[in-house]
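Going in written order, the chains are labelled A, B and C, and every chain counts its residues from 1.
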């Protein structure tokens, strides 16, 4: 097999995994699937494009700016989504709220960047050459970043008091309150982490992905699929789900060729979901009522 | 004795159904108080209202003179309230050690003292020490109940509240459970507010008791008196 | 000011009816009105109002599955696309009449929806949503990869249908108006379909499954069949909307199926009010109006729509219809008169069982149920005789509810067997219900948004013989059956003292009335054995008397009633026999008096007397 395909599958998978991780982080304590998650991905790409592409600034500035902007986005999303959800008794309030936020952000991005694709110059230009194979350093960076962020989040969950509090809140928020855990603050924190994780993916992937300013929903769908396949439970599930979606994305068109590719991608998805109705990793997704 | 907890005429409703009506009760420092009564009388609701899980629509409560009424549930833990909820509610997907640390979440910055508390708790429940790296979901019912109590103790509460700790435990385990409670109360001077279905056990341990019926206090008095009270028997088995 | 409100409420139904007639008249006459004011009438007739009506048809379909069925579908744009392809293929590729295209579109939509649902039977909620999303993407990919369907470009030059031999042309206002009226007629028909469906047994069954598959099964409703039928009907409607869409636009291409295009349906449905009959229409009208007003702000359109959506959620979280009903102007007028009069006649719908005394109606033999290592039910034997009330009591956690779940098929047994009138009981919960064993749950599971009467009618679902087609078309069999069932339901309600509340939404009842209503609903299934799990919790003395009368009447008719109860006084006064459970075992059985003095019972309730105590 062409090694290029393996690399492509891995870096697509890495990017999708980080979107899925962001969704999982928010889903765990809130039981809300954030349909605006793809917008955080676009935000990262937009900051990179603005700082590195338009202002010719350094990547260090872009990374700092992304962290700041993404944290702010997390707070804004939490307010715009959780306030209506808490006030409304509707079973579908989460769906409306996240879709509405997605719409708003999507059009903000589209209005700010009418030129469309957000592709700054690579952080590490050039290719890694092994024999006849050339791999763009930026793609390797995406893969490494995905793994590092996954591990870091995993360690956060395991080793820090707040990480344990996040897990406790996900498991039973009522009991978490009895432990003295400020559940609402944990939820705000989750939105911030979820937004930052996904934005970083967008920032790093922007030079090698085609990220359109108005394309957030597409990435939401990819991340949603990856998260659900992974079981919406753990960082490892998100990573596995992301890799599966990435592999299907890259491999299937290559094998079957032409535009027929996506047909088999989605067919495979249906198959996975029908065979594993609880996801590949982790426990069943409870109804988010 | 000094007053620890004072609950003053609180009322609670769930979706239009009155669960508590102007209920008052007191717990003195170092006292062991038991709440008795048939199912649906409002015992669990009383504990939930004190811990802040449900809001009282009227009335108020203080702990050591501090007004609790407006505090959210999570701040009442630092104020000194700990509840061992019905059905134990341990975090099954975390280890025994992590469960204990969660119980001490409000004291997470006092690292040194935390270690001491943990040692004390392990001293009380040596079996939990053996299993500290095990997932809490793999514990037996009795061990899980101990973990729930140990976890509550980690916040160094002024008042420990327990909601039917004997539920679903084999009789021997129930005895063991209550032996621990009695020791905590006697040797460590812990103040306890216990909700219990098994009236005799509750009354044997407690200094005082309240019998609830339909969200109100029906009978109150010293445990010794309640033991022989016909009304207590009537409340359970009908006249 | 009471007189003002009284007069207002009396006049309101007429005013609303007049408003509907006025709006319908306006819509019918719209082509003439706009032609008078505008040079661009074709645009306002077809592209603005006609298009909004097609959107409304699709939104009604979404309302059926999401609102009434609780099925979160992300494949509606795909169904729309499939419907569009159907009409394009029939008309352009095969050269057949577009009318045939409409029929094929409905079939294609229904088949796709049903297939998706049947594939995802084991999936719940989010997984179901994701499978529908994948199905949506699949439909788009089929179109994209098929040259016959025009690949990425799609199919254009789709003709309007011909009417009475006249081929309609998009260039003529008259022809566009004729198609507009076709769309309007279709919308009215689809709305009636929705109304008749929701108000029939199918709709009630779907809502029951949505609220609680368990409760539905306890009433003898098969959850899978109900969901499949509802989703297929919704799919057919979506296909129809897609066909109209393709005809209106004159083209169809894969991009029509993109989820982004479906946001408008969600927005319309939620702004209007989900799970309400009028919601989809009002919501789409509101969105279309907003969209029309901001049409000149091009790039800001999506931004404004999103902001409107969030604001709607904050200001009118229950949608236009929900907020209207919650306001003083729109709240339903509830008849407060006739406070709880109980009729004394036992209604005929209560079945009469002529079993010989001593017949065993329900038997559990050696029942065992383990959860992990916990023996929740550990060898329970239980015999309930016809024509008796049998109590099951025991401390918390003694296994009472688990025993009932074992008896009624909600839990798989780890040992032992169940017999209904000496025959082995079926395994599935709904089959046991149909065999005559109906259960009322400990936690109330009323269908809160529908009326008290409809709740009782849901209990009669398993006895309905008219098919859904007969119900939707309101054919004679449906009508006579519906009439009988309504009369029976009212008699039952009268007997329980709830007759004056029949039209109230169930959630307006007091807690005690709700419990009573649940018992009435269970009786409506015409059970031979009725199992009540803590029916007396939270009831007032008066309501307790009502419950007692009901249970006594059932016993006199020869039914077996099983009563799990904590209110010991209530149990002791009503039961012939009582079984006492503790730690999953039977510790005593006998008459109330025997049980009360049994030392084992005293110990279980009051705990072991400490040794050495007097």
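Here is the rule we go by: a contact is a pair of C-beta atoms (placed from the backbone, for glycine too) under 8 Å apart; a residue touches a chain by one contact, two chains touch by 3 or more.
Predicted model only: the values in this text are computed from it and were never measured.
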Closest chain to global C-alpha mean, per-chain Cα centroids: C
Among all chain pairs, the one with the most C-beta contacts: A-C
Between chain A and chain B, centroid-to-centroid distance (C-alpha), Å: 42
Computed distance of Cα centres, chain C from chain A, in Å: 35
Centre-to-centre distance between chain C and chain B (centres being mean Cα positions), rounded to whole Å: 41
Complex contact set, residues of chain A against chain C: 33, 80, 83-84, 87-93, 95-97, 99-104, 106-108, 110-111, 114, 217, 221, 224-225, 228, 232, 258-260, 262-263, 266-267, 269-270, 273-274, 277-279, 284-285, 287-288
Partner chain B, residues of chain C touching it in the complex: 373-374, 395-397, 510-511, 537-538, 566-569, 572, 583, 596, 601-602, 605-610, 613
Of chain B, residues touching chain A in the complex: 51-53, 72-78, 82-83, 85, 89, 91-94, 98, 101-103, 105-106, 108, 151, 155
Chain B residues within the chain C interface of the complex: 15-17, 38-40, 140-141, 164, 167-168, 170-171, 197-202, 204, 227, 233, 236-239
Residues of chain C defined as touching chain A within the complex: 66, 70, 72, 119-120, 122-127, 130-131, 133-135, 137-138, 141-142, 144-145, 151-152, 259-260, 263, 266-267, 270, 274, 299-303, 305-307, 309-310, 312-314, 317-318
